[in-house]
Amino acid sequence: MDYQKILNTIEEDLKYYEAYGKVASYIPELAKIDRRKFGMHLYGVDSKHAAFGDSTEKFSIQSISKVFTLTMAMKLLGEDLWNRVDVEPSGDPFNSLSQLEYERGIPRNPFINSGALVIADILVSNLNDPKRELLDFVRKISNNSNIDYDNILAASEKSIGFRNYALVNYMKALGNIKNDVETIVDFYFFQCSLAMSCEELSRAFMVYANNGSILQTGENLFSRSKIKRINALMQTCGFYDEAGEFSFKVGLPGKSGVGGGIVAIHPSQYSVAVWSPILNAKGNSELGMAALEKLTTLSGLSIF
Amino acid sequence: MDYQKILNTIEEDLKYYEAYGKVASYIPELAKIDRRKFGMHLYGVDSKHAAFGDSTEKFSIQSISKVFTLTMAMKLLGEDLWNRVDVEPSGDPFNSLSQLEYERGIPRNPFINSGALVIADILVSNLNDPKRELLDFVRKISNNSNIDYDNILAASEKSIGFRNYALVNYMKALGNIKNDVETIVDFYFFQCSLAMSCEELSRAFMVYANNGSILQTGENLFSRSKIKRINALMQTCGFYDEAGEFSFKVGLPGKSGVGGGIVAIHPSQYSVAVWSPILNAKGNSELGMAALEKLTTLSGLSIF
Amino acid sequence: MDYQKILNTIEEDLKYYEAYGKVASYIPELAKIDRRKFGMHLYGVDSKHAAFGDSTEKFSIQSISKVFTLTMAMKLLGEDLWNRVDVEPSGDPFNSLSQLEYERGIPRNPFINSGALVIADILVSNLNDPKRELLDFVRKISNNSNIDYDNILAASEKSIGFRNYALVNYMKALGNIKNDVETIVDFYFFQCSLAMSCEELSRAFMVYANNGSILQTGENLFSRSKIKRINALMQTCGFYDEAGEFSFKVGLPGKSGVGGGIVAIHPSQYSVAVWSPILNAKGNSELGMAALEKLTTLSGLSIF
Amino acid sequence: MDYQKILNTIEEDLKYYEAYGKVASYIPELAKIDRRKFGMHLYGVDSKHAAFGDSTEKFSIQSISKVFTLTMAMKLLGEDLWNRVDVEPSGDPFNSLSQLEYERGIPRNPFINSGALVIADILVSNLNDPKRELLDFVRKISNNSNIDYDNILAASEKSIGFRNYALVNYMKALGNIKNDVETIVDFYFFQCSLAMSCEELSRAFMVYANNGSILQTGENLFSRSKIKRINALMQTCGFYDEAGEFSFKVGLPGKSGVGGGIVAIHPSQYSVAVWSPILNAKGNSELGMAALEKLTTLSGLSIF
């Protein structure tokens, strides 16, 4: 399939798309991003690439990082992980304390904030230098040593991250956080601050499209079974309260971030990343969603 | 792939499986089913069949019927349907009134009871003889005129169906039910009473595995796009509060019923139905879940 | 104390009060009431009366009737009553299904709709002719045979009373309704349709201000202890989600109805009723609330 | 009335009362209190005292302190206070985050933890030395300079006060906390650590029973209107999720603390404090509730 041609059509079609959403504005660093930024990069299992726009510009991947930390935690804990966090979609907004209260401190899945904070707690408990090792992990699966945290952004987010402090304190009261609050929140905002371009993201996520192996080297990092499960989680829980909508319209496992990035994979076909900082009412990239919907429509391919 | 061999292994492995759940007991007709019943039938797009156990014995399909009525409603209303019901997974139990209240009368998806009741309301508004036409539809996609309602079961369920009366009345108060309450509830319990065997169910669901065409005749009934979306909905919403778990462990779109039936499809590969009346705590067939998990493990195939 | 003088001041002060609320409009019979209606009647334990405005015009007492049915149910069941309904204020709007779900079918108090419907169920179970006996009861404590139901209003409300049907069906599913749904809802709308004037209401409620005895005859109907408890319930639960506000500003036990009536009592001092059909956002009479606040401010008397 | 005789009867009646609850155990300092402690002190507006048991032993007043801080905040802010906190009873447990989420950061009343933390924020914003000034206030209304904080208890509670940290962080995210989190939580646990005996508490609360004036000196500190409102709040919100029950059975405004203390007042009659550290399932002193119920039954006096 000629993916470059499809991406060209997407770029053309969405050029004048009126995006009504807003750029994430709660921290100055995110708010000052140019709202016209728009890029996409697709990486096929046949090693071909297709791209357009600002596809090589780095941006803050935010919640997309939750897929990386989950993968690490699954490797560390195996099945025991699921005593600390569930695998069910959340019917409530991503920062819902109500649901957490109802579920007695067990987050519904690892991709809502509470779940990612429990994952962070697990990494902090089990790794010597969690920040370093997360970075090593991402560089490894990306085959790219040029990926790093944005320390200033991390500090800025942390200084106003009261909701996440509330979540960690609440789960600590309920016994599902083992380390001290400050350490967890600090690690969490570092992971969110990872700066990557669409190209880099699609390379990193190829491991999920390629059954757990790095495409370039053939090195197998994760079992098919683990990858299958992470992909299933991205399918049902990757888009907060819009997971059903994304599954319904796009039909691929994926994960979005409040920085405007979305990554999706078609198992054994490709991984793809798209970036536009304008968010819809549910906190997902408006153009990103539209671009991916066009991709599966034009290619005639979804997992269903 | 030799599916019969895989099914034989599943039968063998689960023969002495201790199922801890209970048979649905709220109506005498369901409660008196022999809890040892267990059958499975797989129908491949290569027209081959594999089966074991009580695979030709009819049982009450209950909520599996929601897939049929949704398909009919999508054909009748097109995109307008989604103003009446959403496509998001439900984070609460299947009969939750709380969520409905929070969402102001718009059910989160067509597979929770409130959603199916709205779908029933749509069919009653748009069809001359909804019961007849639903039966015609199921017989047509099954290529089998020997499928029918269980009138006694329908009447029995209706006589104690207070939760569903509550849901319809509540949505009527909020403006999302147009017809009279009695008609909707009556139709709903009839659809739930449809009696089908695993074999019949797997034949009926082949249309969803086969891109909207009847396999035997090649007749195309639904666009690929409609089928893709129904499959996506089964993936994210087909198992009430256990949709994530099923997706995570099995990795196929599917739908369960409180009668103990589960149907699942692997697009362009097969449709499969399994039946065991013992339910787990979340209301899904315990052995059915285990059997399907084994199926995707043994076949090495999931959509992810 | 010269209550007539105080009532004159209230009338004068509120003459040009701009009430912003709406008349209850969900049924034609209530919607067509003249929004300028305004009357008040105070009945002292010294047998003196004070009044102004439309104080002798009958209106639909609606939820005020819940005090009468509760009193009857307490007489019939004694302490057993509290296994069926709780005595706690409700933190949610008066028709909340969520709360009922959370509490597993036990309404938080007898003055929210679900609670009053359970009380109705109790009366239907224990009385031969509940409508007749309720009417007898109200006529007796009012010493007035000229009080009756508004049959047309009752039928009209019932025809659109979907929320109450939902509540009864839901509680029946949870086992807290013993009789058939239709009978309960029918009785409930009859009790709500009772038509009484401010004068009649203040006479009826004198029994609660006068320690359970009819003032005119001295006949004791209820123990002090029962009356004390009913008054406590009016204090904490009489105004739906505005009970705290009323207690805070007025400081008297009372009960409001969606017809615009409010009744309040000062134990061993007086009973008072006020009527203005314009409702505030929480469903209580806007002028009625203001009038009663002025009453306790001007008289310098509250129970606190 | 001979209150000493009534208290003697209460002591006698409850001597062998089997209290089934537990002593608050979440902090060692509270857990090690002897569960057999039991004392009561009543202070009449006629300046007479009645008492029994451990009535002069100091204990941690915990949430009873919320009445003092509310009184100070009302003096500082007047009506503006009610933009920050509501006056409605809470239908949920005292530390409910769900309700706070639903109400968008405005606590339902000043006596649930979130409300008291907002009050703490107000005092921190408006006072130079809040801890000092709160102590001065309590000593003043008690006419007793021998009242102080328990610094060790305060530090101990703070070290595990994750729920309160969660509440403050959450409200800060929603804009209803102005100062830094640490300062608020620190102040809050100091106020809770105030150590007072039943005698001291009944003296302190006489100002609420005596229309805002210190009984011994006649000095008027607060307007009748303010006192009336605080008393109304104690009536509807003083006992968490058991406020209705207390109002129903006791019929007096009051406030409980998790240290096992309860204080109640009968306006223009008396103030009374009781202490027993065994708590019922809703977190209120089991014997304390029983003792106060007996008090109003035996004296035949409630506000209703």
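Order as written gives the chain letters A, B, C and D; numbering starts at 1 within each chain.
Note that contacts are C-beta pairs under 8 Å (C-beta built on N, C-alpha and C of every residue); 3 or more make two chains touch, one makes a residue touch a chain.
What you are looking at is a predicted structure, and each value in this text was computed from that prediction instead of being measured.
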{"item": "Path length in the contact graph (chain A to chain C, fewest steps)", "value": "2"}
{"item": "Chain at maximum distance from chain A, centres defined as averaged CA atoms", "value": "C"}
{"item": "B-C or C-D, whichever has more C-beta pairs in contact", "value": "C-D"}
{"item": "For chain B paired with chain D, centre-to-centre distance based on mean C-alpha positions, whole Å", "value": "55"}
{"item": "Mean-CA-position distance for chain C and chain B (Å)", "value": "47"}
{"item": "Distance between the centres, which are taken as Cα means, of chain D and chain C, whole angstrom", "value": "32"}
{"item": "Set of chain C residues in contact with two or more other chains", "value": "none"}
{"item": "Touch list for chain A against partner chain B, complex", "value": "86-92, 99, 108-109, 224-225, 227-229, 231-233, 235-237, 241-245, 247-249, 251, 253, 267, 297, 300, 302-304"}
{"item": "Interface residues, chain D side, partner chain A - complex", "value": "96-98, 100-102, 162-163, 165-167, 169-170, 172-173, 181"}
